[in-house]
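Got some structures for you, see below.
The two complexes that follow have chain A in common; it is paired with chain B in the first and with chain C in the second.
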Partner chain A sequence: MQEDYTYVVLADDDEDDRLFFVEAFEELKIQTRVDIYKDGVALMDALNVPDSVLPNILFLDLNMPKKSGLECLIEIKSNNRFKDIAIAIYSTSASEEDIENTFVQGANIYIKKPSDFKILKKILSDVVTINWQYHTNGLDKDNFLLRL
Partner chain B sequence: MKIFIKFDFTQFCSTILDEKLDELNIKYRMLNFGEIEFLEPVPPDKLKAFDAILDTYGIEKIENQKVILVQKIKDTLIDMVFNTNDAINVKSSVYLSDKLGHSYGYLSNLFSEVTYTSIENFIILQRIEYAKSLITNTGLSLTEIAFRLQYSSVAHLSTQFKNTTGITPTAFQRIIAKRRELKNNKD
Partner chain C sequence: MMPFKSIYYSERFLKIIFGFSLFMVLVMGGIAYKHIRQLSRSTADVQHNYEVHLELEKLLSALKDAESGKRGFIISRDSTFLEPLLLSSLELDKNMEHLKFLTKDNPEQQKNIAELKAKIVKSLDIFKKTLDLAATDNLNSPEFIAGFREGRQTMNSVRFKIIEMTTHESDVLGTSKEKSSKNISNTPMLLYYVLILSLLILLLTYLQNSKNLKVLKEKNELLETFKKSTTQSEIISKHGNWIWHIEENTFEYSDNLYRLLGEEPQSFEANLANYMDFVHPDDVDKLTEQVNKMMENEDLPFIHYRIIQKNGSIKHFKAYGKLLIDSDGHKKILGTTADITDEIENYRLIEKRNLELERSNKELSSFNYVASHDLQEPLRKIQTFLSRLEEKEQDHLSNNGKVYIERIKSSSTRMRSLIDDLLQFSRTNRSEEALEDSNINILLETAKHDLVEIISDKRARISSDFIPSMKVIPFQIKQLFLNLMSNSLKYSRELTAPVITITYSQTKASDLPKIKYSKHNLYHTITVKDNGIGFDQDYAEKIFILFNRLHNKNEYSGTGIGLSICKKIVENHNGYITAEGDINNGSIFTIYLPLS
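Showing the complex of A and B:
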């Protein structure tokens, strides 16, 4: 095994959603480290620090003040340093337009935020497990599309 | 102009290993499944040099016995999924335990413990990933892809694709095409 944990980052302006997210990961059997940011600007500032440790999976809320999830996504996809980060859109929106557009812009995963904590745990566990499969089996990340 | 290429990873890796071991003057014998037997003791500096060379090719020496066996399971399964030419007529569980000489129960528990997924899910993932690469890189129709991957019908392939990825093969194809278009416009 290359690493002993999966490094996960979330950018979300909703405090409750952030809380649920961190709590869900605490209850998973897969080892993870979770960092959170309250908006897109704070996230991008942290990612853009040279030599910073990059997340394995980045969860982006779409509607955030200052800088939206879509703006972050486009910025991240235009920087080659971030090419190995799997991007998960984590949104209350389930509009087909948002889903297809973010996939086309390079997102790997689209998650409609569930209202049930058990379902959230299952979804996050699936995401980390499948990402792990891509990582350890050398699968083609360009073909990594997952909608949950 | 665009061309598509297909790799034989096993041959690719053995060729590199042959060349590099010969270069270092190490006497060896290739066994199955990425096993190499050194026929005489190898001095530590040579072994270190060999590890360094492997590293540049993204090849890694596996130290842990459990990880080795899991890698063998994966290699066997991948071989089973991709070598669709000579159809394997037995169930994957029988095929695996025959080939690796352990009971399926033991192999399947070990596999889940190390990889966080089951053998069944691993096979499905591999087949779906193969289907994806055929969708994006060849002009094959879904019917032809289903046939090649030994699905009983297109519907079966589409259902498993949707269950695994959350999107339909057609949506997948459309998204990848749009991504390429977007990238071409940027370049």
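Showing the complex of A and C:
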């Protein structure tokens, strides 16, 4: 980590969710930098700028216009420059199909958007402080979906 | 087949007998003809003999006349006595000629006749000499006496010769008579035997024939019955038969084939051209090609084509033909044509329904998506904003406001569980691929793990038997245990720690009234027993119905979907589930899954 903060990026088309996300990090008092993108296209454009600073953790909503979260995931995983980005799927649904697909494509964790702000804060705090090295080594389908 | 075979063989037998009989009759005719010929020949022989006899007799009598005439003349000198003499010499010549003709086949008699003639000529000479001497009155001359004596001697020798000839002729007749009589006496016997034999053969043939006729009659009746039942089955199963006689290139159509074409039976001549008139214009080429192939290969595989009846309705036909070579070696193709219009229409209907089903399934799954995503999203936000309100604005709310927020919270929680359960229900589908050999004990433990909080809250005790592994859809069976156990925990009695007992056994299908006639013999039987509030047994069936609740939702939180999901899961596994309730004592849920 070049800086003493965690660089977090969220791509989500839902305004309310973006608001919750930002507010949660504001209340968490963790040293983070949070960037928000409105859709997959905006996200990929930013990431693809040469020499851009890459996020430590990328939160991906699945259901987005123009470019879906799954498409972004595939694109990121096919580019070696992004190999160190931890990818957290951040979605309303937790259908077996979505979990299966994103797991196969190499996402690191699957978060179902909670309906309680306190839980949201806990999730985000946990995710940011996860030892990704350790988590990724022992990753399987059962611990892929984050349960709280 | 056997009687027909025996008839076939007896036909050969009859042919042989007929040939034999014909031969016998011919032989009989031949023998009869021969014998009649012989008979008439011997009659002719007798006739001939008689004629020769008569002629010789006449000859002798003529000579005798001449002799007596001579004697009369010598005594009386009356020349009238000489008249027979003159006549007889003429007569004699005629007689001699006739005799010669009659005996022309007999050289000995010819010789005899020549001798006789010489003797007669000599005798006539002596006659003349004697008469001349008598005319000159030299009756006492020695010459006359010598001549007279010589005349008498000659006359005697003529008579002897005639007797000799007569005897000879009789002898000839005798030998031939003896010969023919021997033959003739044998003839009737032989004919009689042959006749008897022929009659016997005829009788035998008759018996065989009448036996065959009886068999044939029976077979004919059978054929008649068969024909009628064929006609009947043709009408009922909507098919018609046809025969193509290959060598003559002629066709025969059954009555029902005409009916299938919408025509009166046998109302037009059965031939290809007439048939082709009915075929749908689009199918004529295809059918013609197939028929040509049939004529080439003497075989007709299944073909499908359409025809148009005169009233305009289009029918789908299917035809098939097979080569048959009959006992006479004639080749024919036996064909069957079936009207499959109904089948095709049904098939199309099913196809259409399938498409409709597919479409509604797609709609259902898109509804699922809407429910899972779009419906949940606003609800989640409502809940999140509520949690923000509670946390951040708690101090600015009146007590009433706080109560309202609590109410909104519980309503949205209930809505969430409804959505989740409904989704769960609609996702509980059957798919063969998902079946896998699973350790049911592990699935049960996983389900328990999901309930660990409420189990510890309620101090519940759950015990279970060892359950053998089965081929199941694992996440569904886990869901089944989860729903049943959470049901037991939810409807537990107040102040009583819930006790859930899960047992395993095997049951014979024959002992289960509901599945007595199942294709499976044995069933895994898993029971989930609790000590909860139970329920009235009258509702045992009802509790599995979607959205059916036995309790007010204020008393117990339930969506009325959980047990419906259980039922659906068990049915997905070809099993069934029953419930037994005892109010205030608990309930028992029993799951039967086929043991494959």
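Following the convention adopted for this analysis, the second predicted complex is superposed on the first by the 126 of 148 C-alpha atoms of A that agree within 3 Å, B and C clash if a C-alpha of one lies under 4 Å from a C-alpha of the other, contacts with A are read in each partner's own complex, and residues count from 1 in each chain.
The rule is simple: a contact is a pair of C-beta atoms (placed from the backbone, for glycine too) under 8 Å apart; a residue touches a chain by one contact, two chains touch by 3 or more.
On a predicted model such as this, the values are computed, not experimentally measured, just so you know.
> Is A:16 in contact with chain B, with chain C, with both, or with neither (first, second, both, neither)?
second
> Identify which of chain B and chain C touches the larger number of residues of chain A.
Between chain B and chain C, B touches the greater number of residues in chain A.
> Just to be sure I read the superposition right, which of the two partners does A:145 touch: chain B = first, chain C = second, or both, or neither?
first
> Output check: A:26 vs chain B and chain C. Expected answer is one of first, second, both, neither. What do you get?
Neither partner.
> Looking at the overlay, does A:45 come into contact with chain B only (first), chain C only (second), both, or neither?
In the superposition, A:45 touches no partner, neither chain B nor chain C.
> If we overlay the two complexes on their shared chain A, which of chain B and chain C does A:129 touch? Say first, second, both or neither.
In the superposed model, A:129 contacts chain B only, not chain C.
> Just checking: does A:95 make contact with chain B only, chain C only, both, or neither of them? Give me first, second, both or neither.
Touch status of A:95: second partner only.
> Based on the superposed arrangement, let me know which partner A:84 touches: chain B (first), chain C (second), both, or neither?
After superposing on A, A:84 lies clear of both chain B and chain C.
> Do chain B and chain C touch any of the same residues on chain A, and if so, which?
Residues common to the chain A contacts of chain C and of chain B do not exist here, since the sets are disjoint.
> Which residues of chain A touch chain C in their complex?
Against chain C, the touching part of chain A is residues 14, 16-17, 20, 63, 92-93, 95-96, 113-118, 120.
> Under the stated contact criterion, what part of chain A meets chain B in this complex?
1, 29-30, 100, 103-106, 110, 129-130, 132-133, 136-137, 139-140, 142-143, 145-148
> How about chain B: which of its residues touch chain A in the complex?
Against chain A, the touching part of chain B is residues 67, 74, 114-117, 122, 125-126, 129, 132-133, 136, 165-167, 171-172, 174-176, 178-179, 182.
> Spell out the residues on chain C that touch chain A in their complex, using ranges where they run on.
These residues of chain C touch chain A: 372-373, 376-377, 379-381, 383-384, 387-388, 391, 412, 416, 427, 475.
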